[in-house]
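So that you can tell them apart, the chains are marked A, B and C in the order they are listed, and the count of residues begins at 1 in each.
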């Protein structure tokens, strides 16, 4: 083996074994029957008698997913929530990323640090913080009542609103950082050139900055959208019992119902849905790094 | 920038940072609140450190923290090795067989929903146990393997992007002076990208320390991590001890991140001057 | 302008002696990136103790050629011999060659001494010998007092000297320098050029230097290889390159020149005559050339070889009239742009000495003339 091969062989095999092979197993189990055993599924093939191999593939799990409207609803709802969360992140995050990229260098590093800090702090604890803010006798309601704006506490916790707040809040740094990295490379003289050629500032922004930051926006939105589709913690803590998200359905099938084959089928379905987005993300990433060289 | 525009920018940034920080600050403030109701300020007895004592004598949380710490340290160290190798390969070798696959395998864990990764890892461990008898049951080992699988991807990205701005002439100069490639890596490349590797280590540590979903899938009886304990507590509602935990976490993270950033800014300046 | 007298005298001319074995031999060397040929079929001999300068416009393949000598690029085809050994596939760390990088590539985490010692450590030279050689080398480049400094605590010129010391301390058979003086200001650059020459004299190392500064090439080189689009279009001593360029490209690239296109009307072994429409006159050249009769040729005349006067000179050959269109004062000399009746602009330089009593100014009618030996005739 060459020296190069020796460098990459270890991570390569590791990811192959612990990241790629598992998906094959998930696929296999998604075709098995549920069983009251440990592990709770029937083997896909069995030696019956002497040399006969019986393979029992069944599509029941998939059929089940499409007949019980719960799964499709959860899937569609997850896509919707993830899409609007990405959009909200973009709306809040773009001005922040832009502002940081254009700040004075000393200030820029401080602001960047302030964006990164929450990202290093446990997601679970930050989501938990919103319970304290949003609940009936939580901080927000208390403040609003004290200000006399409302008299009865608002119901915010365990609503879709809470879930959106939680997702946008948690994933905002994931959008800001790649977008900032993109904007930071921008040559601001382009804007001056555009204004010199007769663009008003907003037009220059719209015609120069926005198209040039397209890859940053796409990469950031993907980093929000893809994991948000399968998000479990936030809907579980903020969304209340009715928050129908596919990640949560998978979790419940697995842990509460011990229906491993169904959970596997859900995972495969979700994966098929997300793979195109992942490939898109990867191509955007490689464009971006090719452009920076 | 004219005044109107900068006013708009400042408003946006201020709003954004308020959004990011108010929840964290409120947790910190209420960690000193005496009332068990958490968000109702008990001005008669507050501020108090009573929940700090209570947290630090909570056996369940301390045990879980100890397990989390072990997993996080092993994970971070392993991920740094695997991630640096992968990052170095991807950044330095323009083409080799399997480059495309490796790149894809390193990018995917960054965005893969955790429930999928967790489920698939668990099913792998179960299948492995059935066929080759290893790993016997699940616990710290399986959890660490699971964490390393996605942490190394993050380390790889950090190392790769650091190497992208690394002047390859330095490596060529070392080779020109007679150092063989492995020597070049250890004597030139590694010391210079050390800050990136350190931040990769910290990142991997944090990812593991904070992980709930993959841990839940891959842990076994008696190996609950801190996030798993916190999650089961939080599901039952707010608890003052969690506020304390959050405050301590934020304080530790702030200290470490600010310290490391200052140190890295200094070494980056030195390198820039030399370039 | 180039002061031809400053060019160091060539001590010997091994390249003219077929019995001397070349020290570095390139055989039909080609390097392609995709279907683009950065270096195209170059064959070249370099001799021991030379300072060989590669000169050419940006992107013509100088760095690529140098990197192949250093072992950082593998040739697509062709071979490289150094001191008789085939080095084509040998990795950089096994070549008896060192390179001084354009960016200097000083290791930022090591001090000056450690940087210079690095290469010797790789060869497992004994500790005391390393210390000794490093100290000597630092003295040689006048950095004795800077051994403990880190690269970022040095000035640009000092860094350049550390890089030089680092690549010389291993006593390479061949030292490659990629635009070694590019980052220095003009004064420091001139100073360092002479230091380089004296260092090379002392150590006897063979240098291959890349530059796109022709003055630098003229000052440093024993020979110059002029490159264009991946090929070496002419290799020769600075005088040869300057006085006898082999093509329009070389004539134009090295120094400035007036080029007149014309047709060969008389072709004798001792002289030729060229009718040039551009010039509006015939050019008489007092040496023979080899070209097909009636071929289109170009006569190149250096601006400093053109006489300018207000009175008509003796003789009628090589004389034209024109009007001064522009004058640029450069201190020691002035450049005159003279417009001929044909519309052609001729560039003339005159030293600004008090000898020239007659001041020539804008729009003045002048006579231009040159010696019959001055023009160089090229056929491509």
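To be clear about the criterion, a contact is a pair of C-beta atoms (placed from the backbone, for glycine too) under 8 Å apart; a residue touches a chain by one contact, two chains touch by 3 or more.
All values derive from a computational prediction rather than experimental measurement.
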Far-end chain from chain A, centres as C-alpha averages: C
Closest chain to global C-alpha mean, per-chain Cα centroids: B
Chain centre separation in whole Å, for chain B relative to chain A (CA means): 17
Computed distance of Cα centres, chain C from chain B, in Å: 55
Chain A and chain C, separation of their C-alpha mean positions in angstrom: 59
Shared interface positions of chain B, touching two or more other chains: none
Chain A contact footprint on chain B (complex, rising order): 1-2, 5, 8-10, 12-13, 15-17, 19-24, 26-27, 30, 37-40, 81-83, 85-86, 88-90, 93, 96, 98, 101-117, 119-121, 123-124, 126-127, 130, 145-146, 148-149, 152, 156, 161, 164, 181-182, 202-203, 206, 209-210, 212-213, 216-217, 227, 230-231, 234-235, 237-238, 242-243, 245-246, 249-250, 253-254, 257-258, 261, 265
Chain A residues within the chain B interface of the complex: 3-5, 7-8, 10-12, 14-16, 18-23, 25-26, 29, 39, 92-93, 95-96, 98-100, 102, 109, 111, 113-118, 120-126, 128-133, 135, 137-139, 142, 169, 172-173, 201, 222-223, 226-227, 229-233, 236-237, 247, 250-251, 254-255, 260, 263-264, 267, 270-271, 274, 277-278, 281-282, 285-286, 289, 292-293
Interfacial residue positions of chain B with respect to chain C in the complex: 167, 169-170, 172-180, 183, 188, 191-192, 270-275
In the complex, chain C residues that touch chain B: 70-72, 91-95, 97-99, 101-103, 105-109, 118-119, 122-123, 150-152, 159, 166-167, 170
